[in-house]
Each structure stands twice: as C-alpha cells, then as structure tokens.
Amino acid sequence: MLRYAYYPGCSMDTTGVTYRISIEYLAKKIGLELMEIPDWNCCGASSAHAKGKWQALALPARNLAIAEKRLPGLDICVPCAACYARLLAATVAIRESAETRSRIEEITGVTVKANANILTLMDVLGTEEGMAACAAAATRKLTGLKVACYYGCLTSRPQAITGIENIESPELMEKIVSLSGVECVDWDFKTECCGGSHQVDAPTAARPLVERIFRNAKSNGAQAIVTACPMCHLNLDMREEEINRKMGTAYDIPVYQFTQLLAVAMGASAKEVGLQKHFYPAFKRLDRTLRKAGTLQ
Amino acid sequence: MSDIQSALRERARELLEDGKVEYVIGWESARGEDKTRPAFIRKAEDAGRLVWNRFCVNSTAKYLLHDRWPKGKIAVCARGCDTRAINRMLSDGQIKRENVYILGIPCEGVENKICQRCAHRNPLVYDELLGESVEEKTDFDRFANVREMQEMTLEQRRKMWEDEFTKCIRCYACRNVCPACSCRECYADQYRTGWQGKQFNSVENRVYGLTRAYHVGDRCIECGECERVCPMDLPIMLQTGKMLMQCNELFGDYECGLSADEIPALGTYNLNDADSFG
Amino acid sequence: MPVNKKWMPKILAFCCNWCTYTGADLAGLNRMKYPADVRVLRVPCSSRVNPQFVLRAFQKGCDGVMVCGCHPGDCHYTSGNYYTRRRFMVLKEMLEFNGIEPERFQTRWISGSEAAKFRDTVAEVSELVTKLGPNTVFNERRAENV
Amino acid sequence: MSRTGVFVCHCGSNIAGALDVERVAAAAGKLPGVRYAASYKYMCSEQGQQLVKDAIAEHELDRIVIASCSPRMHENTFRKLLKDTPVNPYMLEIANIREQCAWVHADREQATEKAVDLVRMAVAKVAKNKPLHSSFIPVHKKALVIGAGIAGIQAALDIADAGYEVTLLEKESSIGGHMVMLDKTFPTLDCSACISTPKMSEVAAHPNITLMTGSTVESVGGYVGNFDVAIRQKARYVNHDICTGCGLCETKCPAKVTSEFNQALCTRTAVFRPFPQAVPAKPVIDPESCRKLIGKAKCGVCQAVCPLGAIDFEDKDKLITDTYGAIVVATGYELVDWAPLYPEYGGGKYSDVITGLQYERLVNASGPTEGKILRPSDKSVPKDVVIVKCVGSRDKKKGRAYCSRACCMYSAKHAHQILEKIPGARVTVFYMDVRTPGKNYEEFYDRAREDGARYVRGRVAKIFRENGKLICRGEDTLLGRGVEVPADMVILETAMTPAQDIRELCAKLTISTDEYGWVQEAHPKLRPVETQTAGVYLAGACQGPKDIPDTVAQAGAAAAKVCILFSKNEIEGSPMISAVDENKCCGCSACVRVCPYRAVMLEEIDSRELSGAVKRQVARVNAGLCQGCGACAASCRTGAIDLLGFTNAQILKEVDALCL
Amino acid sequence: MAQLQFDNSAVLAEKIAADAGVTLSDCYQCGKCSAGCPMSASMDIQPRQAVRLLQLGMADELIRSRMIWLCASCHMCVDRCPNDVDLPALIENARYQAQRIKLCAVPEVGKFNDIFMENVKNFGKSQEVILEGAYNLLSGNLLQDMGSVPHMLRHGIIGPEIRAVREREHVRRMLTEAEREDEGC
C-alpha cells in the first residue's frame, strides 16, 4: 500500500510551491497516501547543525516523536533533501547510541524510538508498487525532451548514513522520470553540491557552484534539468538569469521538479503544476515538446 | 515373557548340542525371586538355568570383550540395548561379527529406570528373533534430564556436581561395564604417563568423570548401565546425555549403536560446522 | 606472592605453531603491549590439544585456558582445526554444564599476520578472567576442594 | 634424574633491557634436574654456542634449555650446535622470553616472573624429552613451476640449466605473462620484447623443460620430494603436433571477441594467437567464442581451410598426473578492476580513461595501433595527457591499503614515452609521493621531469567530460590551491592484485595467503622465497607487488632453493612424527580417521594374548607421510599413538609446571 | 608569513578531533578532499590544510579561518577520502568551538544562522519573508535578491501570512535546553 507519514518541510509552502502542487496532483492520480505529521516543526536545515550538535538533533527528534505516536508503523516520506538529511541523521544517531537517545529524550521531553525509516520521495516512487502506479498513470509521453537528472548532495551523502550504492552517479531518478517519456542524458554532476545553503549568506562564493552544473548539463546535451528537492530547484531556477547576466553565459535550461514532469505526463496542465511560477521561463520548452510529440493537452 | 524364556532355553540347548556355539551368555535367577545375574552356559543340559523376566537388567554384550579371540562362536541373549552395544563394539573394531551368534529378544522394558527412555526395544541386529517385535516407545524427551539440569544456574550446577563427585570412590565400575570403554589399558591406569593421579579428592574425581564422559560421549548408546552399576548413584548419564545433546545440536541429529560402521561425531568434521569462536 | 600485589590470573594459551604462535611473535616484533598473565604453550597444530590437557590445566590451578589456532580453512595441515572446532565446541558446553564459568575457556582463530588480534584477544581474556577472579571450581590447590 | 643445562640469553638489550636475566638464571638454577644455569649476552653467537658446548662437557649435561628468542628463529641453530656434542639435538627446548615476554610487557617485574615461569615450563618439558633420530625421504628430482610469466620462465630456465627436469604450467594459451605486454622497461628503457622473447623461445627449446599451456593444477597430494600433482590441460581444439602455425585459420575465422591480451582495446578471432610472438606459436580455439563449439552455427571454416587438418573439434580436457620433488608458485599479478571502485573517475564510461597496461598496448609496436599513441575514442593523437597515480593503491576505503611499488617508476616511463613520441604533448602527473627505491631509479625520474613532465602533488578527486575535454580536478597541495587540468587522455596507474584463482591454488598446496590474497612467505626477511609447506617455493608478484628486477632475482633464488633440495638424493625428514605403542593400541582406528595425510593405517600383527598367539589390528605410522600435526595423538583415548617431541607426558609436565 | 608555531593550541585541536571521532594521524595529506570541495576556490585555507592545522596542534588558526563558515557540509570529502577522515565533523566541531568564543570570520553566515534559529524559536518554523528581510537589514546588503520579490508576490510564493507551530512553546523550550547542552560540551 502506498501509505506513508509525510514531512513537507518549511519551503514547501513558499519557494517549494511548484513541488507541493505537483506532488499533490501526482498523489491523487496514483493513490499515494501522504499523512502529514501533525504540528511538525522546522528540521533545522543547515543552520541548526552550524549552531550546535544537540540543537541539530532536537528539532528533527521532535518530529520523529510525533510521527511515532500519531502515525505508528509508517515510514516517513521527506520530499526535501535538506529535511531528509536532518531527519535521517537524527534517526541514525538515536538508533546507534542509547546514550544519545536518552539525552535527546531529556532535552525534548518526549520519547523517541526512531524506528520509522526515512525515505525520499524518489525512494517512495521508486518502489515496485510506486513505479507500477506511475507507469499506469503516465499516459502522455514527453518524448524528445533531453533532461539531466540532478540529485544534489544531501539526498545521497554521506554514504555512511544514506547507504546509497553508487553515490557518484545514482540511477533512481532516471528510472522514475523516464516513465514520463523524457530522455535522460549521462552527465557528471548528478550528486555535486549546488551551494544551496550559502546562496543567501555567501552569494559570490556559492554562485559558481550553480554555474558549473549548468555548464556540465549543457555540454552533455541536456535541454532541461530535473531536480527532486525544493532547495536545489529554487537555487538553480532563481539564479540562472543572474548567472547568464553576470558570467556572460547563455544557458537556456529550464529547471523542473521530477514530480512536475510526471504530473504533466499524467495529464496535468501547465497551471496545475505551477509552470508560470518558475523564475526562469519553463513553459515554452515543455509546450514545444508536447506539441512535437503530438500529445498537447 | 515366559514363552520367550522357553524358546530361549530350547534354542540354547540345540545350539550347544550341535556345537554351533561354545557357550551362551544369558541371565539366570539369583538368590531370591526378584534378582538375576549373568549366566555363561557351556553344557546343553544347563540351558534350563536361563531365564527371561523383568529382572534381567544386566547387559550381556560387554562380556564379549573378555573373550575377543574365541575358538568358536559365542551365543548372546541380546535385548535392544545389548544389540546397540554390540554395534558399538563392532564400529570400534573390538569384536568380529562372525564370532557372535545373537539371540534377539524383543523387550518391553525391565526393572531399570532407563527403560522409560528406551527408543529401541526391538533388537537392531540378530541371528534369530525369539518373539514378535514389540511396539516402540516414542512419547518421551530423550534429553529431558539434561534440559532440566540446564535450567539451573551455573552456581547450582557447580554445587550439585561438586557434591556428586565428592561421593565418587573411583571404583571404575562405570568404566568396566560400558561397551564404549574398550581400551586395552585405560588412561586412568597409566600412572607413569601421569594423566590421572591417584589422589582421592573431588577435583580428581571430577577430572575422571569429565574425561570419561568426553571419551565415550560421542559413542554412548544410552544403555544406562553406568548409572545402574554405580555404587554411589552418581547421575553419570547426565554427562554423556549432555555430550549427545551437544552433538545433536551442533552436528545434526545423532544416535549411536544403530549400525556396525558408525563414525563418531568428534572423529570427523564438515566444512560448515557451527563455529561460535572469534 | 606478596600480599599487596594485585591478584594476577594464571592463563595458559595453547598456540598452534604455524598461525597463532607466529602471530604472537609478530606482536613481539611490532613491540605491541599486552597483559603478562598469559603463558603460551606451543603445539604443532591446535588439533594436537587433547581436551584432557585443558581439564589438567584447570585442575592444576589455571584460572583461564585458551586454545588458539589458524582460521578454519587456513590450517597448515589442511584439516587440523576442523577437529579443534568440534572438540572444543563440545568441551565448552561440557565445562559450563559442570559449573565452570564459560569465559574461563576460550578458543580463538588467530592467523600468522593478525598480531593486533592476538594482543587484543590476550587483553580481552585477561580482563575477563581477572573479573571472574581465581578459579575455585575445578582447582585442587584450593583447600576446600580436597 | 635428568642433567639439564639452562642458558638465558640477554640478546644484547632486547631481553636484558626488559627483564632481570640474572634472576631468571638464578631461579632456573634451583629447578629440579637443573645442573647448570648461566646467562650470556648473545647465546646464538659463536661464543654463546661455545659456552653451551663447554658446559655440556664440564657438567655432563644430557639436555638443554635455551631461554631466548622465538624457537622459530634459532631452534635449528641450537639443534645444529648439539649435533657435534654428545647431546641428541632433540634433547632441547626453547623458552620464548623475547618476542612473547621481553618485547611485549612493559612491567619489568611481571616480565621477569613470566620469564621464570616459561623457563620452568621448558625445563619440565625437557625432562621428558627423548633422543630422536630422523628418517629419510626419497626426492624426485623433477620440479613443477606454476605460471609462465617472467618469474616462472626464469625459475624454469635456471632449474633446467642446473640439469633437472621441469614442467612449466601456464593457464593462458601463451607464456610471457604481463611482461611481454609491455613496450619498454625501466630504468634502462630497453624494449621488453627484446629481453623476454629470447627467454621464451629458450624455454620452448630447452630439453629439460616440458611446457604445458592452457593448464592448471587440479589437485596436489603427498609432501616435499614426493608431490603427486594432477594437472588439467584445457582442450585446445588444435593439434599442435601437426599445426605449423601458418595462421591461415585465424584470417578466415568469422568470430570477433575482445582481446584479453590487448586489454580489450581491439578484438581477436575464436581461433587465435594472443600476440604475434606467442610461444607456442600455434593458435588455440576459445570454446566460449567459437560459433561451432557454442552450437550457434555450423561454421567449421577453420577446419575446412586448414591445409594439415590440425583442427579437431572433439578435443577434450586432458588430466595428467606426475610426481614432483618441488613446486614453484609464480602466478604473478593482475590489475585491480578499478571501474566499480572509482565512479568519480567516470567508472569506466570514458574510453579515453585507460589503465597503464592499456597504454602499454597502445605504445607497443605489436599492439593494436602499431606503437602509435592514439586515444581509443576517436584514434586521434592526444596532446594533453594526465597520469593519475595510486588508483586503488594506498586507499583503505575503496581499494587496497598497500602501495603497488612499481607504478611510480612506470608512470615516469609513460610520461617519458609520451613526451618523446608526441611532439608538443603536455603531460601532467598527479602524485602523492614518487618512490624511486632502486638503482638508477631516481635518475630515471629526473629524466622524466627534464623531458617536461609536470608533477602535481595531490590526488585527483574527479574526472568529468566537458566540451570534449576530460577535466581532472585536483589540488596542488604544495601551493594549497585547487586546479582543473583539461586532458585528451587520462592514464590511471591502477593497483596490483594477486592472480584471480590464487586462493584455490594455495588451498591445494596447503599454503596460506594474507587478507588480500598475496601468498604468505615463510619469513618476510629470512625466507622470502619459501612457504610454510616444505618443498613449495614462490617467486615474483604472487608474493606481493614487485617490479621486474626483483621478480627475476626472486625467480633465481627460488630456483636455487629447488636445486638445494635436488642436490641430495633423500632429505632428512623431521623426527618429530607420531609413533605407536602397540601394546596399548586396541585398533579402534580413531587415529586413522583424523590423519590429514593418510599417514596412519591399521595393520595386522601377530601378538600373544592370554590364550596364545592371535592376530590383531594395530595402527602403524608411515614416517614419510606424517607431518607431525598431532591430531592422532589427541584423538587416541588411551594415548597409544603419541607425537614425538610433543608427547602427552611432555605436555602434561609443561602444564603442571605452569601452575606450580 | 611568521614562523610556524606547532602546538600553540594543541588541547583545542585534540578536543575538536575527539568530539568529531576522528584520528588525525589517519590523514596523509593527499589533497583529494580539497580537490573535490565545491567551495575550495573561495576558501582562505583548503580543507586538507584544515586537517593539517589540527595535526600540528594549531586549532586556533582554524577557528579564525573563513573556511569553516564557507563549508556547505555537502560531505563530498569524507565520501572520497581514502582514509575515511570525517572532515565535515571536524569543521562542524571547529564552528562550535569558534562560536563559544564568539568568533565568526564570515559574519553574514553567522547572522543568517542566528536569524534562522530565532525564527524557529519564535514560530517553530522558518519564515522565508522574515528570514530574507531581517538578513538583508542586518547584513547591510539591502537590495540582495530584491529583484525577484515582485515575481514571488505575484505568484503567492511569499506572502504576509505566518505559518507557526501550535506547540511552538515546546519548540522554544526544547531549543533553549539544547543550547545549554551545546554550551556544556
């Protein structure tokens, strides 16, 4: 049964809005039940573990505690890479050391067993059941659109905690998004970092990280980049124009969430997946692909 | 019981008359009604002394070891457990099958507490069967006593064995009656090599007890003779029972004396044996 | 032994010449340090160790006994330690059944290149046996046993 | 009563520095049966040994205990010493108070106490020792060399030149191993073919050498001097007695398969010779790729076209058994499969990221590109080349922790060759250290730098393709700044690993390997070409990463060891074998079952028992087969069979002595 | 450049290494971490040099560096390190030690993190608008990313409403408790 506890994360309501509405569309289509954790709090992202070890563990621990009490027995689906990294780090820390667990329970004042597994949305859709449901619903094919699947660093690193086999070039997102008929190019920056955590407080240092992703995607023939995290998506989408302007590059690569492409393949309209909300215009490329493939809505 | 006894006497007489066997090992009644003792009948006319009743508790098989190179065949009245003892001695290469003429006696159990845990009442090997085979007993846990002992704590077991072995007087009766103890010169008698001292203390007794259990453990046919003959009533079967239980758990189900060419568990190995060592 | 000295256990380790004894020598070559309460008795193969030697060691006052050999499969004599494995998997249970603390008897597989493992094993067993204290169960030196 | 002499060695300060040797000697003096106890600075020295001889004479000693270093070091030294004294060499015990006492215990008091215990144990044991005399084993003067790379070839030639028969096995279809794949060899840059092909033809022509290619060892029995070995020779499907090696069949064969010899840079046919100068210079058919043999198609064109009818599709594997006196393991190395370990270097998807051996085939005149360095993707001449060292080596997490020793030198060679053959080429070498530990090695490295190779200290983190170039991202740790070097071709100098099926072979030879699979030598410094099993020697990279000079030196050493063995008609077997006391033996065959060498059998003997003469079965030990493991002694309940040198009585006394 | 003074803050170096569970001698300075680090170009000292400073007991120089604040903790370095040295953990602990003596060589990062945590302490969730606004004010670059505000407003990406956790008191109490715990170690 496709039934999971759901931890959306703070950016889902704001900068991750296109991710949220495409996930909701998708969930309805394939009967994926995402039970939001009631009264969840912020996972702390990169700031908490910069301030202190116990602050970084306390915030996700509270969410785990609520999920265990209110949604027992369900694994937790975490669409945002930063939240996934924080919840997973807390789960592993609590499982590995009883002493950490007791101190965390002291600090948060709630019991935390951390027995639920933490999954990314890709893990959920990548299951046999998930793939079958998506394949059945994705009737409209986006053939001809060459995309570069970008995982970002937090969904796959550190390998010691995520346990991903090939952390340099995983294949999970390719497997899922190709259900929508797109063609995935082979490129080299799948799990390289986009500098998301420093785009605001250290822009000059962080911008080149975004540029090099566009550069490698373009030189390997990608017409669009697909992400699976609100932070990566915002970062690439919002900075593309600025990079073209400031660094004299001419990238014309829209950035889509992999759920947006799946939703469109399942018949969603541009508005239903919020294409108009993108910083870098994303409608034209998709519209032309659909028209060429003769499957326009 | 009595028709077996008459068949036994009649066959013994015929065998002795035809000279097919040199003598017959069986039981005869001893002083008082409820006692028997082993009988060695050489002349046909004495065959009448042979008896078969529920007091025939002595094992007849080990006497074969006292005459390893007989001139002629030796007839032996053998119950289920005796035939397992014969198989034991055959597997250990101590007697030759052609020297033994086995008179198989199906046994419903005699006055011996081991019979409640006997799974082979019918003789496993025989030249003649002196009665219909009886129904085998299966409703018992072969290692009940060992498991019960294992429930006790380490301290309780230590105390129990210390008390038991303080009683041991080292008369070596358990060794002399055991079909698996077939050495020409027992290690305990080799004082020059220095295996076993002559001191008479609980630890020396425990060393003997454990060593003998280890020597026969993986070949014990569970005939219970050691416990029956022990003048101080030591629970010796617990030790060999524990050995057999271990062999069962570690090397797959294991019972001895079922055939004439068995390989003892500790005399062989297989590549994926249990290994809890670091 | 002077009274105020901390009680040190007496531990006998039967070590097979080709693997564990070589590993122990290698530990020496690398100047590794481990507790001094283990005495090594060299045997050509762990399959040379007769379980009666182990009983003898406990009887004469050892507080701990170890039988160490090559990893199954690496035996210099091909099948030696397969027998060691069976003999002492059974003896280990018999000793416990007879009330001897199981930690006093250890069998370990230590190869010729595992010097660190030899040091750590000796340290571990020495600590285990020190915690258990003197062997009073099966030791004819202890007065009350006579 | 025994008259024992105890000699405690100072071993310079090794022992004396860590424990009180005088107190040990004094304590030993008081032990029962000890007639003389002394300590000396170096017992194994000339004077030390003389001290023993004098003490034996003066005090009429009949047995000796030496408290010194490990018996594995000097037991033989002291045994040889006793040979020319009235004391039998086996009336000797050694207490290991150095490796297992002085060197490993910091507390001087505890170390001294332990040393006293160890000496007491040795004295108790030696009291029960008996004089032993060795038996003699015949020696078959025929050697088996496994693996025909340069190590195997050199060993076989040396043994054969010494006049002994040699069988040289090679699992591939031609001898030559990895050396024959190379173009030039360092440090002298002489051409690899020029120095190895003559040796290969010498092997083929040598009267004493039987060459068996496509052959592997099936099973090994017996012991030193008398190894009975079963060899499996794979079916060749070509009758080499008739075939002249004209090569017509190779030109006609339709099958196309990647050539293993050319490191998958080009293809070969199903009937093939791996390379032109192959020895034997006759093709074989590879059953996995021959269409007829797989049953895919009728084909058989090679058979049709062969003028001499040498092709025989019915050929079967042959099993040949023979007896050998000595075995030399020379199975060499293989390069680690780097692709799955290093996805950050492209994981094998970039055809222009190649291994050192692939480069050697490119630059080799008989290689797929006739010596012109052309990059595999588009066969163009690469201008910018990056060489990345330590790929798989010195990497505890992904590869192997050890250093593969030869890559520093051959990467300098590669740099030199590229700069010499491609004018205007730019070579960057990413390194951590450049290790040049041989004669003229450092000078060779200087030349590479003089040729213009740019050495950048830092390990490459990522190789990715961008705008047609392979970008190597590293850090110049000497400047402390990141660098991205664009390259047309990248050469990865990958780690050496042992040959693939080395563990099965070692199991058959009862020799052990280390955790990586390198064959374990008897002693890294003192016996580098011997193994634990007497009569089995080793040479070359099978023992550990090595370059050609060391390999050839080891091959010569191994051959010398074999010749020492063969110089005697029989060898002195160790007297420390089992013996049976027939009075105690009841013939229960417990010992027969546990003997790994089938050295104990039941035999019928005449015996007097109570009623007169009878025949009974007792155990008998074959002195030649028994290796002295003692499994039988431990299995015998009555102690009838016992291992001389480690008898029950000795060990019991040793155990008692510990607990006094 | 002044002469090197080894071990001028060796105790601090050992503490950072111990807290991070790292054996400093594992690192043989091969530079693979710096090579792969996406932020290395804008760092004053390279990640490898950070470990070098700790090896030489010069932790003081490390906690004053900009590098520990520019690290994006993307874990590229530990995943590729041939000796499994957990460099992100070292840097994280260096940041904790720097904060204990109020040091932050890249003040913008410090300010951003403080505002973020204040947000979470007050509302239990991060509020994008307040975070961006307050950061621009405090960091002085008032117009940063202001260009995209109209677009975000028009598409409702950002708006006036505050999304807060009902039991945000529990979150506040929890965070102050955790802060005290962090001060302690």
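As written, the chain order gives the labels A, B, C, D and E, with residue 1 at the start of each chain.
One rule holds for everything that comes next: contacts are C-beta pairs under 8 Å (C-beta built on N, C-alpha and C of every residue); 3 or more make two chains touch, one makes a residue touch a chain.
Because the structure is a prediction, the values reported are computed rather than measured.
Common partners of subunit B and subunit D, by the touch rule above, are C. Between subunit C and subunit E, the least number of touching-chain steps is 2.
The chain with its C-alpha centre at the largest distance from the centre of subunit C is A. When chain centres are set by their Cα atoms, the one at the greatest distance from subunit B is E. Rounded to a whole number, the gap between the C-alpha centres of subunit A and subunit D is 53 angstrom. Averaged Cα coordinates give subunit A a centre that lies 56 Å from the centre of subunit C.
Centroids of subunit A and subunit B (each the mean of its C-alpha atoms) stand 75 Å apart. Taking the mean of the C-alpha atoms as each chain's centre, subunit B and subunit C sit 35 Å apart.
In subunit E, the residues that reach two or more other chains under the touch definition are 41, 76. Counting partner chains per residue, subunit D shows two or more touched chains at residues 344, 462, 594, 635, 648, 652. In subunit B, 187, 195, 266 are the positions where the chain touches two or more neighbouring chains simultaneously. In this structure, the chains touch in the following pairs: A-D, A-E, B-C, B-D, C-D, D-E. Interface residues of subunit A, counted against subunit D in their complex, comprise 166-169, 186, 188-189, 215-216, 219-220. The part of subunit D that touches subunit E in the complex is made up of residues 344, 390, 394-399, 432, 457-462, 473-477, 480-482.
For subunit C in complex with subunit B, the residues that touch the partner chain are 51-52, 55-56, 59, 72-73, 79, 82-83, 85-91, 93-94, 96-101, 106-109, 121, 137-140, 145-146.
The part of subunit E that touches subunit A in the complex is made up of residues 38-39, 41-42, 69-70, 72-76, 78-79, 88, 92, 95-96, 99, 106, 108-109, 111-114, 116-117, 119-120, 124-126, 128-129, 132, 135, 139, 144-145, 148, 151-152, 155-158, 163, 165-168, 170-171, 173-175, 177-179, 181-183, 185. Looking at the complex, you find that subunit B touches subunit D at residues 68-69, 92-94, 182-187, 190, 192-195, 215, 263-264, 266-268.
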